[in-house]
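Here chain A shows up in two complexes: once beside chain B, once beside chain C.
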Partner chain A sequence: MPRFLTEFFKRNGILMGGLMLGLVLFWTIGLIILPQLSMLDFSFRPNLPPPEMGGPKDVYTLENYHHLIFGPEGASAAYNYIDLGVFFRTIVAAVCITIFNLILCYPIAYYLGQSRGNHVRIFALMLIIPYWINEILRAFALRIIFGQTGVLNTLLVSLGIFDQPYDFIRNDIALYAGLGYAYILLMIFPIYNVIESLDRNQIEAARDMGASWVRIHRRVVIPYAKPGISSGCTMVFMLSAGALAAPQILGGPSSLWFTQIIYQWFNDNSNWPQGAAYAVVLLVTCILLVMAAMRLFKVNMGDIGK
Partner chain B sequence: MKLSFLRVSVWVYLALFFAYLLGPLVIMSITAFNSPSFPRMTPWECLTFQWFGALFQDERILNGIKNSVIVGAGTVILSVAMGLAAALLLTQIWPKMRASFYTLIIAPILIPGVVLGISTLVFWDRVARMLGLEPGGILSNGIFLTIIGQSTFIASYCMLVLVARLQRYDVSLTEAALDLGATHTQAFRKIMFPFMRPAIASAAVLAFLASFENYNTTTFTFGEYPTLTIELAQKVRYGITPAISALAFIIVALTVFAALANEANIRRRALTAAGPLVGSAPRSGLRLPRILSGNPAAILLVLVAITVITVVGTAMTYSPQQCIADVREVKQLKAQEAIDALRAAREAREPIQDDVPASEAPSGSGSSSSSFGGVFNPTNLGGTAEPPKAETGFGGVFDPTNLSVDD
Partner chain C sequence: MSRGVGVELKDLWIQFDDFVAVRDANVAVEGGKFFSFLGPSGCGKTTILRAVSGFLDPSEGDILIGGKSMRGIGPNKRPTALIFQNLALFPLMKVWENIAFSMEITGASAKARRKRADELLDMIALSDQGDKLPSELSGGQRQRVAIARALCAEPDVLLLDEPLSALDLKLRQHMRTELREIQQRVGITFIYITHDQGEALTMSDHIAVMKAGVIDQIGTGKDVYNDPATPFVASFVGENNVFRGKVKTVSGGEALISTNRSGDLLARISPANQGLLKPGDDAMLFIRPEAFSLSQSQTAGNTRVTARVTNEEFEGNAFNIFMEGDLGKQIKVAIPNLGQSFESRQGQTIALEYDMRNAVAMPAGPMATE
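Here is the complex of A and B:
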């Protein structure tokens, strides 16, 4: 037995140490690493009925990735414009939602982080309550509001802003509002946590030196809050790119989210390898984008989740 | 002057922000009490409690709640155990490895739920095949897969909560216990566990809530055991009814109640810790009970409880039948009026149309966009309300002259 293991068991006892190690290994290897590798492996295989799996036809192939980029064999278009279009739209929309959420939440997080008193606790409570309501129900609530005969349309028509009900769902406005709505808390809390620990004297000092309001934020608050901002942005981006409930409920009939295509491959077309390939593409793209953004803004991975 | 302007804009911003955050929930809750069969707030028709009745008769919803509770319990046990083990290991692992280990166990939070669901499904399917199990065994059971899939990332949340508390733990306490002859298991049970208990409790609550509301992962793994969230999603996607609003209202009320209870409890402890003298001097004739004084959350809690009791009490005795019948009558009256107006308009127009059929063509073909046809021109309506939708489609189509013009 290697020395570190002996030491570990001496420190924790055979039973407790074994239990601890077993649980952690089960989690990290059995639940995190192996399933991801298994999905990756699966995505390179052809779609075979169960009896033929492991048989002579079960060889590695790029067919599934080929399908995403070039479309099915013998298709008329040079590229798979539909799936690729949905893919890029999803990524771009997720980036836009992230930026929108950041702009929306930064002032709130700053305000909550810098004020003291009872009302901050109440605001925090009001922030948390919507988050514990089911994701489906939150999307449902927005659908009631944005519907053809919904509250918003009734209001706008009766105010005379529109003369006809505006179709928010078909134009994807409901979807973007819903995705932004769903992850507000994940943006506010990391930023709030960081700003709360910012010494107010720093801001006072900057103000005394004559710095303008914009300058204080640009030079003092934002650099300090960068870990919180990046972790909020990462979470919101990853979650909205990977969202499934909101697009299914709030998305227009003609527009899809990339996760919906993955869902279709799994549930409607029963082509698991194809779905796995799409999922791998989504995961890898998201991770690369987040890492690129972190490199750009000079933040460490270790800051996430604090 | 500038300061007050800033102040006002901050408050306006806060108000708008919380309207965006809470407004949808409020509106959704209100629609649960309106009688139309499509959930809407306007026009308000009748106060009704029938949707709550419909909800409690829905077998699928009840079955979904049962599955959700089973999955939730399993996920809580598994993910709290794994989270605690990982948190303990994180404090012991040698520093060089710590960063990568931390990244590995925090990663599931960032992996899209869809991907977690798929990888769980694919992996355990393969394991089952390698072990030669027939399909439908324990490894492809929906509840097992859902617990496994959800625990993958919920354990990370638990780990974060537990690590925060563990950092304040004094290791020398465990060492002292071991020196005094306790076994490792005893030391954990008697020293470490009591210290960690509050964090374990909050991790368990967090895990249960996260499991209860999870959709993205569960939708790939649930198999034959749909959870409440899955059932809700099916319902919302294929036809929405106010019964869902009713369920939402119950969940909102429960959440608010729990949050207030928690807040009141924290406040009560803080007050107790502040000493018995606080608030003991009677200032006026009206004195609140001790628990309530200086504790706005507790006051709110009591108010909410009273409201709920009142509402349930009203629901038991209240019958909206009369109101619904009235509304139906009004609707029928409107429809009748609209039909009359239609008929009158047609009769009035008949001779004119015979003379100038060509002039009718543009308004006839334009009817597709407005769907009001030429018939519904404002003067014809003669003070009647807007006609119901079923009537509008007919437009001027019934006119024989229109047919010939369209050709």
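Here is the complex of A and C:
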């Protein structure tokens, strides 16, 4: 038995240690790894009616992945432009939402992390309380704000800024706002956590040496907050790329989110293997992107957990 | 040549809501000198330092650096560099980047920065440590890096906020000497904040002793130690025995004080208090532990005190004898250890004597609480 395990059992006792280890293993293996492996397995199989499963036709195939890239057999276009388009748009939009969220949340997190006193707790509470309302209701609330006859349009038209109501929903502004808003806390709190532990003397030392605010952030605060920034960005990116409720409710009629296509394969078309292949592609792409970004910004895996 | 720039505090008053942190401070720090503010924690000395560095605006009064008012000038525009109590080195930058940080701001090339950092590293005897992270250095090395980082900006005035307090005793004593040497080498003004009278006395040209926002005395280490102006200074700077009583007679610079339990004691009146003591006044008299000697036969002119020995201890360089004293405090006598035999006098009543030049009398007032 490796040393960390013996020590773990010595510290917690056989019974408690075994229970904790068992639960963690059940959670990671039973609830995460095995279902994902079965999804992976699904994605390489043809869509067969139940009686034929395990029969001679049930062989491994790449046809589900082929479908995403080249479209159905005998299609006129060379590539599956519709699904691929949605896929890239989803990824790009998720990246944009992440960047936008970071720009919006970093100052808030910095302010919260460096202020002392009661107002910080009140501020944090005001950020948290809206999240007591469930996601669907929050999305519909945004629909009310951004709708044709919504609060925003009424205001803008009555102020004379627009002649006629602007279609925020068709132009996806409502969707991006909704997705941005949905995960704002997951960006603020990891950054806030790190910045809170930043010694304020370091900021003052930099200022004393003549550094401007931009330089202080670039050289002192941001490098220090990098673990928080990367874990915030990772979560926001993964969750917005995989969001379903907000695109369903706030998306325009013509714009699909890639998760909605996956959902359609599973539910409307009852084609689990096809859905699984799409989901696997989304998952792998997201992980690769996150890892590439981590390499680019020199972030270690261990930092993400901070 | 911008070396040796003086700093002046003029009627400085700093107030936070109802709390007055600094009350009417008037200090003239001579250029190129090592000046210390000495006082217990919470006396306002750090507040003064933050005001000089520009992180805090005075409520009233002014701060002049090199004769120029610093009103409305931010910390990044002042010719000062501050060394923080916890040093505040940037943990993610290499040592040399830390040192040359101020040059990044002026837009110096990486090569020029590295060159200057290496020069400073040589000066602080850390030549090959430039590529390490601060966390890989020892406490004393980090200390020196903080000094080098502050000096890199070539400030006119270096401000130090108890930078030695985190070090262990031996290193602290070593760093005192080193700081003093660095100050003399670079020749700029050092303003040093400390609650440790040993640091203040060993390093400073001048010391301002502070109590609860008020500067009680400014002078050289010798002035402050030998001629304390107030009971607070007498009891805060170094160890002192206090005797309380009423003034019996005053003649010339001397006062005879009739104490509660030690009889009439003769003392000189410190320069700051000349003319302030009249017969009948409440007075305090301070005698250092090392100013007493065990009295075999009284030396002519010396004053004698008798008291009962309650405790004895051996401190290495001295034998300490504790006796029943005034104001609930013990009288402490330090007999230097010169290899002589020492017989215990526990429980006996013994006679001490002192030269009246080593006893200082002043009007009674609040003392430092340990």
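Definition applied: the second predicted complex is superposed on the first by the 283 of 306 C-alpha atoms of A that agree within 3 Å, B and C clash if a C-alpha of one lies under 4 Å from a C-alpha of the other, contacts with A are read in each partner's own complex, and residues count from 1 in each chain.
Definition applied: a residue touches a chain if its C-beta (ideal position, glycine included) is under 8 Å from a C-beta of that chain, and two chains touch if they have at least 3 such contacts.
None of these values were measured; they are calculated from a predicted model.
Overlay on chain A: chain B and chain C fit together in the combined arrangement. Across the overlaid pair of complexes, the angle with its corner at the CA centre of chain A and arms to chain B and chain C is 90°, in steps of 10. Of the two partner chains, neither chain B nor chain C is touched by A:Ala174. By the touch criterion defined above, A:Ile249 lies against chain B but remains apart from chain C after alignment on the C-alpha atoms of chain A. By the touch criterion defined above, A:Pro223 reaches chain C but does not reach chain B.
Contacts of A:Ala276 after superposition on the shared chain: chain B is touched, whereas chain C is not. Legend: residue contacts after superposition of the two complexes on their common chain; A:Val236 is shown touching neither chain B nor chain C. By the touch criterion stated above, A:Arg121 is placed in contact with chain B alone, chain C being left untouched.
Which of chain B and chain C touches more residues of chain A is settled by the count: it is B. No C-alpha atom of chain B lies closer than 9 Å to any C-alpha atom of chain C in the overlay. By the touch rule above, chain C contacts chain A in their complex via residues 53-55, 74-77, 80-82, 84-86, 88-93, 101-102, 104-106, 149, 153. Residues 199, 201-202, 204-212, 215, 219-220, 223-224 of chain A touch chain C in their complex. Only residues 4, 8, 11-17, 19-21, 23-24, 26-28, 31-36, 38-39, 42, 50, 53-54, 104, 107-108, 111, 118, 121-123, 125-130, 132-145, 147, 149-151, 154, 181, 184, 234-235, 238-239, 241-245, 248-249, 259, 262-263, 266, 272, 275-276, 279, 282-283, 286-287, 290, 301-302, 304-305 of chain A touch chain B when the two sit together in their complex.
Contact residues of chain B toward chain A in the complex are 10, 13-14, 17-18, 20-25, 27-28, 31, 38-42, 81-82, 85-86, 88-89, 92, 94, 99, 102-116, 118-124, 126, 129, 135, 148, 151-152, 155-156, 160, 183-185, 188, 209, 212-213, 215-216, 219-220, 228-229, 232-233, 236-237, 240, 244-245, 247-248, 251-252, 255-256, 259-260, 263, 296.
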